[in-house]
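Every chain is named by a letter (A, B, C and D) in the order it is written, and numbering of its residues begins at 1.
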Amino acid sequence: MILPILLIFPLLAAVPLFSLRSRRAERSVLIVHALLTAGAVIYWGVAGPEEFIGYFRADSGNLLFLALIAALYLAVIPASFLYLERQKASELWHRIYVVAMLLFVFSMTGAVLAKNLGLFWVFIEATTLASAPFIYFERHQSSLEATWKYVFICSVGIAIAFIGILFLALSAKGESDLFYTDLIANAPRLGRFWLLFSFPFLVVGLGTKAGVAPMHSWLPDAHSEAPSPVSAFLSGMLLNTAFYGLYRIFQVMDAAGLRREAALFFLVCGFASLLISAVYISGATNYKRLLAYSSIENMGIIFIGVALGGGALFAAFLHLVAHAFAKSSLFITAGNIAHRFGTKDIAGVRGLREADRPTGALWGVGFAAIAGLPPFPIFISEFLIAREMVTQGRFGLLAAFLILVTLVLYGMARAAFGMYLGSAPAGAKAEPPRPIEWLPQAVLLAILCLVGVAMPEVIRRLVEMASL
Amino acid sequence: MTARALNVLFLLIIPFLMAGVINRVKALAGGRKGPPLLQPFFDTLKLLRKGAVVSRVTSWVFAVAPALVLAATATALLLAPGVGRVQTIAFDGDIVLCLYLLGLAKFFQLISALDTGSAFEGMGASREALFSVIVEPSLFLFAGTLALVSGTTSFGGLFTLVGSGAWPAVAATTGTLLFFMLMLTEGCRIPVDDPNTHLELTMIHEVMILDNSGPDLAFLQYAAALKMYLFALLIAALVLPVDIAPFQAAVVLPLVALLCALLAGIVESLVARFRISHVPQFLFLTVALALIALAAAVYFRGGAV
Amino acid sequence: MSQILTILFGVGILYLALTSRMRTYIQVIALQGFILFLLIARDFGKLDWFTFFFLSFETLAFKTIIVPAVLWRIVERTHVARETDPHIPQFGSVVIGTAVFLAGFAVTDWVSRIDPSVDALPFGIAVSTLIIAFFIILSRKKLITQVMGYMLMQNAVSLLMIAMAVELPLLVNLGVLLDIFTLLFLFLLFLGKLHSTYEETSREKLTSLRDQP
Amino acid sequence: MTLFLAGIATILTAAVAQALFPRRTRVAFFAFVTVAGLLLAGGGALMTLLNGTESVLFAFPFPFERVTLELDALSAFFALVIAFGGLAGTIYGAGYLGGYPDRPLRGHLFAFALFLISMLLVVTSREVLPFLFAWELMSLFSLVLVFFDRGNDEVRDATVNYFVAMHVAFALILTGFLLFMARSGSGEFSSFAAAMSDPAFAEAALLILFAGFAIKAGFIPFHSWLPKAHPAAPSHVSGLMSGVMIKTGIYGILRFTLIVGVPTTRLALIVLAVAVLSAVVGVLYALAQHDLKRLLAYHSVENIGIIGIGIGLAMLGLRIGNGPLILLGMAGALLHVLNHALFKGLLFYGAGAVYRAAHTRDIEKLGGLIAKMPATAALFILGSVAISGLPPLNGFISEFVLYLAMLAGAPLAAGAFGAVVVLTAGALALTGILALYCFTKACGIVFLGTPRSDAADKAHDPGGAMIAGMTLLALAIVAVGIVPAPFFAAAAKVAATYPFPGDPAAQAAPVIGTLGTVSRVLVLFLSLFALLYYVRSRLIVRNGGTASDATWGCGYRHATARMQYTASSYVSPLMALAGRLLGLRTHLERPEGLFPARTEFRSHPHDLVDAYLIAPGAKLIRYLFSLFRWVQSGDMAQYILYGVLFLAAALIWIMGGTR
């Protein structure tokens, strides 16, 4: 019963906000929506799957993604309020922010809940629409440019994905609808040629939104220009939402006996992403762009994990969770840093640990989490991926993987330590940090730490089911 | 037991005699009569009866160093092969302890020189240290070579040259040359160092003990003489026949030592001191000798073990 | 009949490759929208009434009238009469346009050999249109031209869909609508904004966000 | 084992509970509890060393599932070293941290405790994932400790360098493990022996593991991070890192040699060659340093090389079935692990006291500290004698055992192997004498003579805790030096766990006897020294006492501190010989004219590995990266082109596949 409410609530709630003209009401709606999402996830976790009009379904397959949306939503909301307050957003832009957030989360939830590839595609398209106002939010020249590129590249990508879906439908002609379950069940009878033909279109098209090479280029622009809480959402959730659909298609390919080909595409995309991020992280001058490149890298690793299969499949999904948490936390923290130091330049930030202890600590711990150090789960997932490579005897891949990851880490470390250490400029120490600034990220990282040390059975089940 | 008693007895006499012989030979070569053979001994006795002048800069390091240097050198000498290759104290690997005790002596000699804060003594210490750097590996290379062939790890066994073919001859030749060169180096003789120079800038060992006086100076000079005697002992152990009788050994050993001193005196009379920068080249020769011995050992080893 | 329409569709894009006049672009896009409508109308019998209504509304109202009209207004307002300095000279465009058609039909030939059920003519035209659309997006400098390239791409996708999968469910059509929705809401809105922010809406002005290794 | 675990739990308690204490008592509380924990852990390890292997299995949730902690002889030995080194470090650190009254230190103390725990876990873990987990935790927390001091660019660069080096090491170790795992099908170390059925495979895997562990241990040419990170860290941390942490790399090498059994000849010779290179070149680099802590850091490279020589000899011994090489080589290496932990800790702590007192690590600005800080000076000189491998202190004992291994092992080694062993002895001798050279420089220039700067003139000894920590180490140094037999027996017990021809106990017994003789000779020497010193003092008093005067300046009466011999001039004759090898760059402005106004001479040591391996590697990577500079050009059309090209390539590939 909760599924339709969850889907309809943001749409209905957005309408009265335009007449109410109250910031408090707007904020309350956001909070209610987040709690509703979280409640729904818990409800499904306890009560089991739920279906709605045959097109939406919440079950063990997408519960992980829904849980991620809920968790990150809760973490992003306080940061959003803080951001709006700091930005001194006008009433109009405050409303735009809230409504866009409602629609953004709505479209991501819809995409994950959709049982049908076509419907999924519609929602993915909607995420572009809903998130575009965010990227333009600060209304600089550069935000305009970033928005333009974001919208255009994603639209082109989504059109390409549409062609892919068209071909996929062609392969399923007479045999199957575009429901995932049907597709997978009927996979052996699908037209192999059209299926294979559709796959590169889907990889490039949905890959655009998932932030992997070759169509990753909007990512650093959009992430650096968007408000930091939204960057957290973009990086932590939007990419994963697109990946979710792509993974379902991968499963179809697998079931149709085209695993080798599909894996090859994933591998190429994954390693291209790793390479690009390694190259550009080393020279990054803007820390939000640096984090965006790191997202490209991590999505690449997830793709590689899926391509390898076996033990690496679980690792890929674990990596996905870990990356979502760690990167969201880092982006929110980056927002605090940008506010404190008044710059997004790496060179402009020095002595973080001195200027603001909690933020400095979060920056350092977040870096450790994203760098794959224990006790954080990226350590485990990268270990499992490397192990799968050796098990399959792909030593060349292992070498390339380890080298590229090391290079990425080198670039990240240089920037992260450069910002963390040293002596802070006097201005940066002015105001003491408030708990709301660091508490959400701290919670995210603490959960991550728990997952890395002693994974709760619930989380393990969630991750495992998602990869099935 | 007798051999050991003799060892200790020789320790007390021969070092002084060696120094005396060198001085006498040099004097004769220079057309002078020279001091009595036991003059170094008398000098030492005289120094022991003097007080001390100590630099205000120095610390306890400077005070303990002479006693420590002498104690270490003397203990090292107790481990060395003496009369009939009998050591006063012997155990497996005693050669290592012997050489490292000398190292300890060197350590304190060097920091005691640096303790005075004098540029001259620092310079001497620096040179002394450099020369040791080259000398030390050749000693261990040669010792290892002897061990490789003899299968023992104690001085007495190591220096008993047995084996097939030309090995004993090769070992004795290279070893004698090596130890003689080391004797000149460690004993601070020409061509490495000139104990009689009048210019501090060109000194090595003597400049390091510039500030020592009285009993301290006596200790240090005695220790230096002991070190020369050590190398003479090693040469003797190499060249004397394997099966020499104890009585003969007791007679021949002092003779060999004095012969070494005689040769050192002759070298000193004939050769000029090297430029400091040329000394390392001279010393690398010792490494070369040790390596030749090693090569020979590997070559001849087939029947030896 | 439908073959003639399809060929007309193709001639339109060939003409596009030749011209640099903005208005011609818009006319061709509108024409293609109308052709798409006619193709839908031909399939009247195959479709249920809702899909038919929906598709014809989309092609006629959006693709033929509204979008071209809005584009027209923008061109009027921004005084961008023509693509002044295309990356590739006119003559080259002709050669490329021809080559694209050859490539498009080579692909079609290959596809139809593997799957004989493919209707070669619309498929080939659609593929060629797609390639031309990419070519315009990649080679033209004016942002407005790139938007038109994107529209062209949508038309190609529509043609592909109508020719090959018209009996697919509503949802796919919904997607097409959403594309146009995107266009209206954002591209045009932002073009206006971009134009006022940057004096000339050339894509080369929009390269401030970049990185060095 | 229970005791050991209780120790770990106690340290963990200290790590957490200290945060609750007020700042005033926080450090004291932390030090107290941590020391107790280390005593417990060390006691547990000692009991195991005496009684035999013990292990405990924990069931953990995914991903670890099962975690075995085991204390066998090897683990117990290293656990002891860690516990004792940590003990002294904690006590010293409690004093050293007194210099930071305005820092809350919560995070630092937490990291310090976790650092100790992770080291203890590294040496007791028996499965791949827990081991790697503990290993990375150790790297992580040591990293946190390194950048404790207010960071300047040097600290940042050192941190980044260290981080990357540790990651490369991790990648190599991971690869090695994975290779073994792929063969054995299990993550338990004990199953790795199965992979030995294919010697070529085992050799490759072991070589990769060796490279990884060698980075941690600091063997040349894997050492680049070490001389940067150690000086950057605060002294109580550098002492622990240098004395204890890098030994985990040695532990790794030993553990996997033990598991895999007999190494190949090539592997043994590679290890030996790397070790000799590290020992000799490490000490040469140390000689060229003017920064006291960098000097000590390079000495860690040297000492790791000495340890490596022992391991290399033992591996060679395992290969050719040579008892003395295995037993004495391994025992010598292990003893040196212990000894280096003791004297390197002491020396770093001494350097820390000097830095704290004089605010500089530049040797050339120090001097005469023996008068201002007598306790530190005495302890530092003691440590210097020990690290130079001189009797009667502990450094000599391990080198003695190593020499004994070589002298006794060489005759039993066939053909060229004998020569290899002898040459190694020569290299060890060279290392020893160079260390002596270096530490006479360090002691002489830093503590003796007259102060070269105001800061050095105003220095004073640190407080009780720092001295106590150092004294603890000094006592251990003397104990091992004078009574070496029990320590050797412990090390021999560990060495005996290796596949051994014949009865190890029977071969160890005579060496224990020899060491007894050695300690008697040393006592004789010390008595002789005492006697001579007594005689000398009596004589001087009887002869009229000591007169005080200025140092003899060869007639010049106004010598100043600036006229003293400097550290660089002290080593200049050697640098003239070996400078090229060391990449020493000098800069000289010759005096000109009759009355030259200003002349200048500077020398900068450059690490050849940095200059010819790391820097060109970084340059190559930068060059390769620059090949991709066109990717993010900012031009959107280009971005879309990537997608189109990818699509085109994919379709062509598919066309090729289906035709």
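We adopt the following convention: contacts are C-beta pairs under 8 Å (C-beta built on N, C-alpha and C of every residue); 3 or more make two chains touch, one makes a residue touch a chain.
Since the model is a prediction, treat every value here as computed from it, not as a measurement.
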For chain C, which other chain has the most distant CA centre? B
Chain C and chain D have mean C-alpha positions lying a whole-number Å distance apart equal to 68
Cα centroid separation, chain A vs chain B, in Å, comes to 77
Using mean CA coordinates as chain centres, what's the gap between chain A and chain C in Å? 31
From the C-alpha centre of chain B to that of chain C, how far is it in Å? 98
Among the residues of chain C, which are close enough to touch at least two other chains? 114, 137, 146, 206, 208-209, 211-213
Residues of chain D whose C-beta touches two or more other chains: 622, 625, 628, 632, 636, 640, 651, 658
Numbers and ranges of chain B residues touching at least 2 other chains: none
Can you name every chain pair that touches? A-C, A-D, B-D, C-D
Touching chain A in the complex, chain D uses residues 60-64, 107, 129, 132-133, 136-137, 139-140, 144, 147, 150-153, 155-156, 159-160, 163-164, 167-168, 171, 174-175, 178-179, 181-182, 621-622, 625, 628, 631-632, 636, 639-640, 642-643, 645-647, 650-651, 654, 657-658
Once bound in the complex, which stretches of chain B touch chain D? 48-61, 64, 66-68, 70-72, 74-75, 78-79, 89, 91-93, 95-97, 99-101, 103-104, 106-107, 110-111, 113-123, 125-127, 129-130, 132-133, 135-141, 143-145, 147-151, 153, 200, 210-211, 214-216, 219, 276-277, 280, 290, 294-295, 297-298, 301, 305
Going by the contact rule at the top, pick out the chain C residues touching chain A in the complex. 111, 114-115, 130, 137, 143, 146, 150, 153-154, 157, 160-161, 164-165, 168-169, 171-172, 174-176, 178-179, 181-183, 185-187, 190, 193-194, 197-198, 206, 208-209, 211-213
Complex contact set, residues of chain C against chain D: 107, 110, 114, 134, 137-139, 146, 203-204, 206-213
Going by the contact rule set out above, which residues of chain A touch chain C in the complex? 116, 118-119, 121-122, 125-126, 128-129, 132, 136, 141-142, 144-149, 151-152, 155-156, 158-159, 162-163, 165-166, 169-170, 173, 177-178, 191, 193-194, 197, 220-221, 224-225, 279-280, 282-285, 289
